[in-house]
Amino acid sequence: MRIAIDHHSRYRFSKPQDRIVQMLRLTPGDTRDQTVVNWMVSVDCDARLRDATDGFGNAVTMLYADGPLAAIDVHVTGEVLTTDADGVIHEAAEPLPALLYLRTTARTAPGTDLPGFASDSVSGARDPLDTLHRLNCALHARFPCAPDAPDTGTSAAAAFVAGKATSRDVAQMFIAAARSLQIPARYVSGYRSDSVAQSAPHAWAEAHVYGLGWIGFDPAAGLIPDERYVRVAIGLDAAGAAAIAGTRIGYGLEQLDVDLHVEQMPGDA
Amino acid sequence: MLMLSRTASALYWLGRYVERADFIARLVEATIRLDALSARPAGEAAWQSALAVSYTDQAFAATGGNFTQAEVAHFLTLDASHSGSIVRCLELARNNARAVRTALTRDAWTAVNRAWLLFQNRVSTGSATQTLNLVEQVKGETRGFEGSIHRMMRNEATWLIQLGASVERADNTARLVDVKYHLLLPEGERVGGVVDRDQWTTILQTVSAVNAYRWLYKEGLQPSNVINLLVSRVELPRSLAACAEESVGILSQLAKRTGLQGEADRMARARMARMQKTRTSDIIVTGLHEHLTAFIQENAMLDAAISRQFRFI
Amino acid sequence: MGTSGAFDEIWGFGGPDSPRPEFQALSRWVANTSTEELHQRQQSAEAAFRQLGITFAVYGENDAAERIIPFDIVPRLFLHQEWTSLSEGLVQRVQAINAFLEDIYGERRILAEGLIPPELIFRNDQFRPEVAGIRPPHGIWAHICGIDLVRTGPDQFFVLEDNARTPSGVSYMLENREAMLRLCPELFREFRVAPVDSYPDRLLETMRSVAPGNNPDPMCVVLTPGHFNSAYYEHSFLADSMGIELVEAADLVVDDDIVWVQTVGGRVRVDVIYRRIDDDFLDPLIFRPDSMLGVPGLIAAYRAGNVALINAPGNGIADDKAIYSYMPEIVRFYTGQDAKLPNVETWRCREPQPLKYVLDHLPELVVKLVDGSGGYGMLVGPTASKQEIADFRAALIAEPHRYIAQPTLALSTVPTLVEQGLAPRHVDFRPFVLTGSDGVRVVPGGLTRVALREGSLVVNSSQGGGTKDSFVLLDDRAPTQSQSQRQGL
C-alpha cells in the first residue's frame, strides 16, 4: 500500500519565546515491509536541524530555534510503501536486546489492578502468542477507544483506573500488562491511514515472542497492525517514543494544534 | 574569557539589593523620628508615606494592617513575603552573593552574610528603640559591604556591583523626593510650619544629607534648596545628578575592560548631559512630580538596557 | 562487630606500646604532644573549615544546618611499597571499568562470552539505553573514579565499592592536607609525604586530554546544580583551583548540537564539562523531563561528539551493586590478569550453591538487597535477633535473586583523638583515580573516613563519621617531584 502523510504540529505561545529546543521523532525507518519513498521534516522559521539515531534505533532530529518566536509549525510530509506481514517486524534496526523491554518505567508501572486483569484475561492461553492476542482483545473490549489527543502524561495504571483511554493509554496498558507476564513489550508511535483528519499520531505496542521476534498489537483497535500502519518510533513508554519532546525558554502558555492527514494513495506497491 | 552572563546579573542585583536594604533601613529610621516628633497625629501619614516610598503600599494594604509604627516597621523589616522588606532584600542579596561566591572577596561575602544573619530567628521588631538598634546594625553591615567593595580589585565584578547600587540609589532618591513632596500636611498645618519642616528634615536624614545641607545652604531649611540638593548637586552621593554621573563613569570603565559599549552607555550619557543643563527652578516651575516620574521611568529603561547589554539571564 | 582484634594501621596488632616499626616516629610525635595541644590544633582546623565554608549543607529553614565534617588530627599513613601495590591495583581496576563501559554500551562482548547474565544489565535501571551506541570522545568513560577500600590486615586491602559516577570528597583530601601542613609542620619533617596539591592540575590535564577533536586550547567548565547543593563548596573549590568557570545549567545553551556558555560578550563554545549533576537531571529532553538543572540538547551534542562529559552518562552500570560481584571476572576479561585488588567475598544468592551456603551461615553474614540502598533491606547476622534471621531466611528463599551476602569484616583501625586521648577507630579509604586520553593517574593520597563512635563501622558523615589526612610516604630514594604515577592505557 502507498501511504501519504501530511502532519502539522503547530505550537502557539501566549508570549514570544526566547529559544526553543525540540527533539523530533518524526522520521520512519525502513523494514522489510515498510519502505520510505520520500520524507521531509521542515519548520516555518529560522532553525538549525540536526539528524541522529538514538539509543533505541530511532531517527531523531534536533531542532534549535532562536526567538522571539510567537509560534512554530513543524511540518512532516512523506510517502511510505507498506506490505502486510501479520504484524511481525522483520529487519528493523534493533540495537538493544528484547530483555531491555522488560523494565518498568513510571508511565508503564502496572499499578494494583492491571496485573490481575491481565492474568485473568489470558488464563488458559496456549502459548505466549495466544496470551498476547487475548490481552489485545481484552483491552480492546474493555476500553472503547477515545480519539487520539495530545499527550498529557497519563500513566498506564491511572488510565486503567479511569476507564477512559486514547490509543496511547491502551498501548501503555498493553505494555504494562505484557511485562507483568514477563513478556518484553514496547511502545510504538506512528501513523495509521484513515479517511478523516486526526489530532495526534497513532500509538500501539509491540511484544517480543521467542522464535518469532517483535510483533505489533493495536489494542485500541483490537487488531494486528497491517499495511495501513507506518511505524515511526519505538520506546519504553509514550514519553520515550514521543513525536516531539521540547523545551522552551520564555514565559507564557503554549497551545498545540495538530493537523494530520494519513491517506492511502492510488497505485500499488 | 569574558564574565558569565549569570555572574554579571548576580553581581548587579547583589549591588541593587544591598542598596535597597540600606535605603529601607534609613527610611524606617527617619520615619520613626518623624513619628516621634509629631505631637499631633501625623504619625499615620508618616508611615503611609514610608510605604509609598518603598513601593509597598499596595502589598501592605493587602495585609489589612494599620498604619502604626509597630505594624509598618515590622512589615518593612521582618516580613519576608515581599521584596520591599529588609529581610527579603538581604536574602536575595545573599543568594546572589552565594551564586558568585568566587567573584567576591571574603570581606564582601562576610558582610552580606552577617547582615542576613541579623534577621535569622527574629520574629519581632520590638520597641522603637529596638527597631532603631536593628536598622543601625543593618546600616553598619551595608557600610561594611560598601567598604569591602571599594577594597576589591578594580574589575568587572566590582563595577557591576557598584552599577547596580547606583541604579538602585537613583530610583530610591527619586521616589523619596516625589512622595514627600506630595505628602499632605495635616489640616491646620501651614507650609513652612513645624510639620512641614519635620518632613523635609526627614528626607534629608534618610539620605544622610542633614550636614551636607547645612554646609551648602546658609539660609535655613527651604524646600527648593532640598530639591536642589537631592536632584542637582553632584557633591551629594545620593543625589540624582551624582547617581547619573556615577552610572556613566562605571559603564565607561566596564566598556574599557570588556569592550562592551552600547545602548546603556548612550542612555546614561544622555541623561547626565541633560541633568547638567537643568535648573532646579525650572523643575519646580514645570512640575517636580512630572520631572521625577520621567526620571524613574528613564532609570528603569537604563536598567533594562544594562540587562540587554550584558546579556543578563 | 567491635574493635577487638582488628588490625591497627599504626599500632599493628600490639597496641599503643609496640607500634609498627615504620611508624615509631608518629607514636613519638603523639607521645610528645599533649592531648590538650592535639585538641586545640584540631579545633583550630575545624574553625578554619567553618570560615572557609567547607560545609555540607543540609538545607532546611535556616543555615544552622550547614555543618562541617569532623576532622581528626592524627593522620593515617601508607608506606611507599603499600601505596605502589595499591595504586597498581587501582589502575588495573579503573582500566577494567572503562573497558567494561565501552563494551557494554557498544559491542557487548562480555555478554556474548556469557560472563555476566544479560538481565543484570538490561533490566537494571543503571544501564541507560538512551546513551547506548554513543562512544565518548577518546573512548574514556570513567575519568574520575573513587574506589572505596577497606583493610583487614597488613597486606589485606579489599574494594568495598566502586564510584564511577560523580565521586565526591576530593576537596577534603586537599583541605585536610592544608590544615595538617599549617598545624603540624613538624610531622612533615619527620616523614617525607607525597604532595597532593597537584590534584587540580592533574584533573585539568585529564579534562583537556579528552576534549573532542584536536583543539589545543579547549574550553573546560565545571557544571554545578547550584549553590543550594550540599556539595557546592567542592564544586566551587575545584573550579577555582583549576582556574575554570563554575557554571549552572542556565549558563549553557545547546545550538546546532554544540554547547555554548553565555558570557557578557556573547556565546563561547564549550568542549569539556565536568558535571556534578546526576544523569537523571542532565538533559530534560532525554532523562527526567521535569529537570530544572539540566541543559536541553546536551545529550545530542554529546552524541554528535561535540562535547566531553565527565564522567560519561550511563556509568552507573559499572558501580552497581549487582555488577560488583562480577568485578573479578570483569577485570580478568578486559585486562587478561587476575584482579590485584580483591573484592570483598560476595555470595550471589541467585546461584544455588552460594544460596545454600548463605542460608547455612546467616548469623555470620551481612546480607544485602541488590537494589536496596541506605541500609534498607539489610541483615547484619552477628547483631540480628533470631526472629530477624528467620524472616530474612524466608525472604531469601522467596526471592533469592534480589540478594547478595558478604562476611562481616574486621575493618582496620587508626588511632584517633577522643576525649580521653587516643583510641583506635575504624576507617575506610577513598583514593581518586583520573583517566585521560594520555593514561591513568593516581594522586598519592585520598580521603580517609573514620567512624568516630567506639566500635562503629559506619564512616558516613551523616552518621557521625569524620575525616583524616592520608599520608603516602615517599620512597627515600625517589625524587620528591614524583607526585603521581602515570601508566599507559
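Miscellaneous remarks
Should a chain be cited, it is by its letter among A, B and C, assigned in written order, with residues numbered from 1 in that chain.
Convention: contacts are C-beta pairs under 8 Å (C-beta built on N, C-alpha and C of every residue); 3 or more make two chains touch, one makes a residue touch a chain.
Just so it is clear, the model here is predicted, and its values are computed rather than measured.
By the touching criterion, once chain C is set aside and every other chain stays in place, the chains split into these groups: A | B.
Of all the chains, the one whose CA centre sits at the greatest distance from that of chain C is B.
The chain closest to the protein's centre is C, with centres computed as averages of CA atoms. Of all chain pairs, the one joined by the greatest number of contacting C-beta pairs is A-C.
Taking each chain's centre as the average of its CA atoms, chain B and chain C sit 50 Å apart. In this assembly, the C-alpha centroid of chain A lies 41 Å from the C-alpha centroid of chain C. A straight line joining the Cα centres of chain A and chain B is 58 Å long. Multi-chain contact residues, meaning those touching two or more other chains, do not occur anywhere in chain C.
Multi-chain contact residues of chain A, defined as those touching 2 or more other chains: none present.
On the side of chain C, the complex with chain A involves touching residues 118-119, 122-125, 127-134, 253-257, 284-286, 289, 296-297, 300, 303-304.
Taken together, the chain A residues at the contact with chain C in this complex read 19, 21-23, 48, 50, 52-56, 60, 62, 64, 66, 95-97, 99-100, 102-103, 236, 239, 245-247.
Per the touch definition, chain B reaches chain C in the complex via residues 1-6, 8, 95, 98-99, 101-102, 120-121, 156, 258-260, 310-311, 313.
The residues of chain C lying in touch with chain B in their complex are 53, 62-63, 219, 226-227, 236, 239-240, 245-248, 250-251, 261-266, 268.
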